[in-house]
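Letters A, B, C and D mark the chains in the order given here, with residues in each chain numbered from 1 onward.
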């Protein structure tokens, strides 16, 4: 099986590296030049042409930053889909909205390419340690062919449903992240006002069953006043927006996510969009 | 050391039982008659007089339903404090607001009784299995005397700070419970509308790092449409209210908890106050 | 000058009638058959063909229910624009979103038709009594030609700015309607709970400087439990949605409109979408 | 009839002046020294002793800043009630919460003093021009005796109901002020972002039926960036808080007022508490 990985950013480079460590016959491509030493001494072919990267591949994985980038590479300006083999499989791991995944599927189908949407839970450290969780939308039999490779890159593969359902589920996960981060932040700030030590709160609260476990890591960042980006606040704002659009279309009231969106909007307007989304704490804190 | 436990409801009876299993010299008392078989064959003295229950005790634990009940038993109508030995310790494990704990401390101090506020995280199963977590406010040296007994009833004892800080911290924990339950509910309902199976969502979401771990148990209840009370929705509404009062006093904006309070208010107005607070899911679901 | 009016619903039929009462040379057209007696003994030509209706017109007014209907009639399936004279003027009085008005302008411009967006404030009674207010977007010199006719149908003509600004301003007006209706409703319900008579509140509050004056009429409807539609709740929900989209695009936090949108969403989900938007009172009231 | 007026601040001094212009036999008293020239050449007795001020009075009006001040003067430290004649009438025009009015009534009753709560709508200019509106709680026959004097100071006297209902109604009025100011501010800011001129919006919106008429004056202040206090933002925050307390006690959901409270909380925390409450516009505007 010939495997290709497209998009070698923070996430993609680590995911691809984990494939090479499992004796996969791998070709990689990035839109801009990358540091070749990343894949030095690895069993991997680094190519500079998109066409060359995909034309022989049985499976093409992609991990790109936005739906716009995915469109451009696969069926917009650059049209990788046109160079792929009939019946090959494209697995898009990028975070996109559900309707985009359905469009990507249709573009693939019209060219006899099979498609899966497979966004991930996890960021840099999980990518590094092959501890990602994949949320997959698409046909079971296609997933069966792809699953061994996903398992090299992650610790769990969850088929959520048909095409687009991977992206739908990822949307839920992201709004829970945004909201959990916010209620955690408000609790810490109220605790401080009630006279409880901030570091004590940051140390204790995340370990209780009332807190989403990811807050452990964010609490460390807050302690160190370190908001280096893992997932940018402006993207979180966008994901909240997309979720409220979906809720509107589905006629489903969604109180907390709507208010949460406005608080992220304010932080974004205040210039925090490029920081990690945990900077919502910093935003709330600085109002004094 | 002579130990007395007052309040043998769902929580208290289990906590007292765990004391007896560690060879504690225990006296128990409940305001209304209890099933004596609970403590059959146990090394425990069941008494029917409050005065008799406390007069010899070195440490008195209490686990009652409301601040009003605590006041009535200890320094209101019944005045247990007046019957206690000088320098004895009263440990109140009931959930009350911080200002009530400070009042209880002052009433104790004026009678030369030492006091700790020590509310717990956990409900019936944690009480049963001695897996409670105690949040303690008060003097370290007093806690040192009491700690062995708390460890018989729980798995962790956390001193949060001075008098009232146990209750303050418990307030934070409860509003995080209320809000986490709500964002979880809204995510499940939106997921359903996007075409993902409800049971699948209830099975998967609570196991991800974005969900507060307690939602695992609540998800089971939702699956079974079982909202038997573990912690009543109307009490959660009250705790949200108390927290927003505190936030007002501290001049600390608290967006999500305020909106969450109104949604619980609506559920409460709709007659769900005596169900478990996880019935907020049922409330949101039935709007169709 | 030859004038044509397209769309003879509740609003349009009354607006057209007011034109006839000022000796305007008027042709009217409706997509579905109308009661001809409406214009009996009036100086007006009722035609059954869209092409015939517009081909001689110097000015074409339209008052249709949705952007989709406007598109279909003017540049979608039916293409009235293609039948219009060069340099004629199309004045769209329908309520649409700003980006749609810009699209309508571009479609017009490419066919050498001049365009104004001119949505109105007011409903059935204001249309009847020529008391509408027009919010106009587009060129001043075009408005100058059209203004006399707008004055036959309304009491005030306000040029807000360039193309699309009429629609933008109308969006602001509608979200203020939605929110004012809600704060009025919540105040009346709280007042009742505090023991003040409901009819007294409905009679007094709208006359104070703290209440938007339109609540006078809505208070009458509430008194009579009459929610016959003047402006449907589901359209108000949609306008709130469009406004929050715009706020997102402009990175402008908009707390109250977002929460208001969710409350209308709930009322809509509860089957009140086809009632007047003042039924938000009924929705809040019935929760008991 | 002998009339006494206590509290000669911005409001009280103007109200008292209007009494003198109607040949009322007036005695005035202020807790701190006042500029005597205020009442120069007027038919008025300025006294420096509270006891002297009230002991002969048939009716005592009070206009003080807070419930705490009213309590201190009338039945706390200074106990004016103890010096008043049996069967005299105390009319409290201060803005207080309903439960305080009931307390004031009970304190009065126990001393055979008759009581009315009579807070006003209007600020400095309305006080000056005798255009206040009085919201009165209490017995009709007592109001009948007092009404001529209220009419000298205002343009309308509305009996809302029994004791406390004047204060209750005033609470509704104030939260409508707070919320209307906020939705107006958010609309202007969104309008600006959509490319409509700010001064145009400030000039037009307040004159439409969708805007509370008081926004006309506030729009002028915003244009001039003048937030000199007429009603302080921190008091508005407090009134929102009191209203949400009442809503909690009444089990009445109150979404918008709760969120509005948090936005005022944030402005207050940002140091705007002593500005006019219309500075909520400035607060929202400065987030950029």
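Definition applied: a residue touches a chain if its C-beta (ideal position, glycine included) is under 8 Å from a C-beta of that chain, and two chains touch if they have at least 3 such contacts.
Here the structure is a predicted model, which is why all the values come from computation and not from measurement.
K.L.:
Give me the set of chains touching chain A intersected with the set touching chain D.
P.N.:
Chains that touch both chain A and chain D, as defined above, are B, C.
K.L.:
Comparing centres built from CA atoms, which chain ends up most distant from chain A?
P.N.:
Greatest centre separation from chain A goes to chain D.
K.L.:
Are the interface residues of chain A and chain C largely the same numbers on each copy, more than half shared, or largely different?
P.N.:
Mostly same residues: over half of the interface numbers shared.
K.L.:
Counting in whole Å, what is the centre-to-centre distance of chain A and chain C, each centre being its mean C-alpha position?
P.N.:
Averaging C-alpha atoms per chain gives centres 43 Å apart.
K.L.:
Rounded to a whole Å, what is the gap between the Cα centroids of chain C and chain D?
P.N.:
Centres of chain C and chain D (C-alpha means) sit 39 Å apart.
K.L.:
Find the geometric centre of each of chain B and chain C from their Cα atoms only, then give the gap between the two centres in Å, rounded to an integer.
P.N.:
55
K.L.:
What residues in chain C touch two or more of the other chains?
P.N.:
If we look for residues of chain C contacting two or more partner chains, we find 247, 251-255, 259, 263, 266, 269, 287.
K.L.:
Residues of chain B touching chain D in their complex?
P.N.:
Contacts found on chain B: 241, 244-245, 247-248, 251-255, 258-259, 261-263, 265-266, 268-269.
K.L.:
Residue numbers of chain D touching chain C in their complex, please.
P.N.:
Contacts found on chain D: 98, 121, 133, 158, 160-162, 165, 168-169, 171-173, 175-177, 179-180, 182-184, 186-187, 189-191, 193-197, 200-201, 204-205, 208-214, 243, 246-247, 250-257, 259-260, 263, 284, 287.
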